[in-house]
Amino acid sequence: MLRRIHDKKPLIHHLTNTVTINDCANMTLALGGSPVMAEDLLEVEEMVGLADAVVINTGTINPDMRKAQLLAGKTANRLGKPVILDPVGAGATTLRTDFMKQLMEEITFTVIKGNASEIKTLLGQAARTKGVDVAEGESLDLQSVHAFASQTKQVIVVTGPVDFVTDGVRQHHLDVGTKRLGQVTGTGCMTASLIATFLGAGYGRFDAAVFGTYAMGKAGETAGNRPGIGSFRTGLFDAVSLMTEESLPEVQMNGQ
Amino acid sequence: MLRRIHDKKPLIHHLTNTVTINDCANMTLALGGSPVMAEDLLEVEEMVGLADAVVINTGTINPDMRKAQLLAGKTANRLGKPVILDPVGAGATTLRTDFMKQLMEEITFTVIKGNASEIKTLLGQAARTKGVDVAEGESLDLQSVHAFASQTKQVIVVTGPVDFVTDGVRQHHLDVGTKRLGQVTGTGCMTASLIATFLGAGYGRFDAAVFGTYAMGKAGETAGNRPGIGSFRTGLFDAVSLMTEESLPEVQMNGQ
Amino acid sequence: MLRRIHDKKPLIHHLTNTVTINDCANMTLALGGSPVMAEDLLEVEEMVGLADAVVINTGTINPDMRKAQLLAGKTANRLGKPVILDPVGAGATTLRTDFMKQLMEEITFTVIKGNASEIKTLLGQAARTKGVDVAEGESLDLQSVHAFASQTKQVIVVTGPVDFVTDGVRQHHLDVGTKRLGQVTGTGCMTASLIATFLGAGYGRFDAAVFGTYAMGKAGETAGNRPGIGSFRTGLFDAVSLMTEESLPEVQMNGQ
């Protein structure tokens, strides 16, 4: 466990999908954070007030969840709390694309993390998706992402074979991870929870984005020798829970 | 991973319960498919249009989910997409039995997979259930299932100690699996996801029903030497993710 | 598996949160029970009628779930079925605290199981929480808990480094478990499912509360040698599924 996170045990409020909600909770705990999920409109604002960071994930939206996510994001902005967007499925359906536009208009995110299709959609570019996964052969001009980050003052993470992080000033490429991470549902969602946990512990937003993304990639490498995807998945949680400051040397020097 | 599925990576749209939704996603991935869960009424039709197969599972219904499932099923029929029903809990409550009737009246399913109690309920026979599990000693006349499949042009899978698959013309008995599959929640739900993945990859509906059912049974046998149910459950995902064409020799010959 | 539970295979109806709902189902199965989750207002009463015990867990409430939980609890009382409350997050938000008051006014629980913050909130004492976890340094006067149990005729379980069980007459301290149980989400929720399974199998309410709490602590100890939290978590299910009558010798003598 990482000391700074362990000492603060930041409370990470998730408004997320029902598919990977358990994984997000356990991954937050694995890194040393404290997850909470609360989506009743009558308690969203109060819970955001208690939280150290907020995660908004659009994996399985419905009318109530959309209202709760807008309310949570706006409350986080008002209170100056870090809020991260995982725009799952952006571009896949009109509803999701429209909802992303609304989120982008009404909320300023501390970090936005998505795959190439999702980020393209947020940039207003035509994207090709396969449900909630990036379509094969999807390409993305990283300089347009950098410009978007600069213009909107949001850190953007594009996950892929090489992950890309930009805050509009700095850029970071992470050549870490394994293709097998795509064979387990929710590794993207869990990456957002990791970033949020770093944010909630007080790391800067660029560092948090790099560290969280790195942690998941590194966990994939560590677990990579387990043959089936069930064991590999278990190994991801093992690896994150056993990480120490020393696990992230390059990135720390780079980020601080 | 199986070649034909791996090459197409079919998109499997699930409208399913909150208990085993993560397992269904991971099992779809384990076999080589791409899962997506979308239940907002504003995007159901569009997502069905993108999908290669649709799974409707009644494990935890509520008014919105019931509407979404009816809409998804009717859209699948209209677009000629494969749609599979897992009638979880049919017969357990009046609501579930009534909802099944409505599903059967308004939608023609490519495959219906259930335990003896659930299939009896669909056939209009009095069934004995224990919540979402089959009651002990429940018996089912397989010839009435065969006749029902013939009459309604739907493939029916009855899971049990020996699984039974019929399309109204052909019949197949599968003596594969282990009692321990009943000690892990969602192995039935996951079987439906496996069948849907075979369907979405373009296998014929009878073959897909046999292969999906066989894959789960075989995974149970492969994982069977792991002592506790936690490890056994992990082993199910391992086994499916490591399956190859050669894992299913008899069934392929039989089904093709 | 424990004989008495195995023979009856009690049906445990859960109205619970979306974070740990799968874990609760699998833990119920691991002990030998049969889980069912049904929250549609149109079937709640009928399902309670079929169940051997009911679990109400407030981890992720919303307006419909709150109605369903009130209906389930009142129906259980009317039908004389055991009903257990896991007041997740009591004290964290006004909504949760108010909802707990309503639950306590309208329903008599067979067993209430919570951490120190949650139980303090139920007692009307000011509590400090961290989302759904107990705040560090939270203290609780156990004699006030004992008095509350006596006055309301409910068994109360306070989980913590040493667990405390009281029915207002008897008291039991359980020095079992490991801090690592707090690093996996839902171990508290799963404890409620275990208690409910003992209740549903016909154990007395004080015994069931002690046994269920003990089983989770013991599972934590058994799994404690697995290094990462992914493997540790898998080990919890393994351990419970491999428990036998002999696993609980002291407690049985104590409780019967």
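Labels A, B and C are assigned to the chains in the order they are written; within every chain, residues are numbered from 1.
One rule holds for everything that comes next: a contact is a pair of C-beta atoms (placed from the backbone, for glycine too) under 8 Å apart; a residue touches a chain by one contact, two chains touch by 3 or more.
Quick caveat: nothing in here was measured; it's all calculated off a predicted structure.
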{"item": "When chain A is superposed on chain C by its C-alpha atoms, the rotation angle in degrees, nearest 5", "value": "120"}
{"item": "Copy pair chain A, chain B: interface residue numbering same or different (half cut)", "value": "different"}
{"item": "Interchain centroid distance [CA atoms averaged], chain A/chain B, Å", "value": "32"}
{"item": "Two or more partner chains touched - positions in chain B", "value": "18, 22, 233-234"}
{"item": "Chain A contact footprint on chain B (complex, rising order)", "value": "9, 11, 13, 18, 21-22, 25-26, 29-30, 34-40, 42-43, 46-47, 50-51, 64, 233-239, 241-242"}
{"item": "Residue ranges of chain C in contact with chain A within the complex", "value": "17-20, 22-23, 59-63, 89, 92-96, 130-133, 183-186, 227-231, 233-234"}
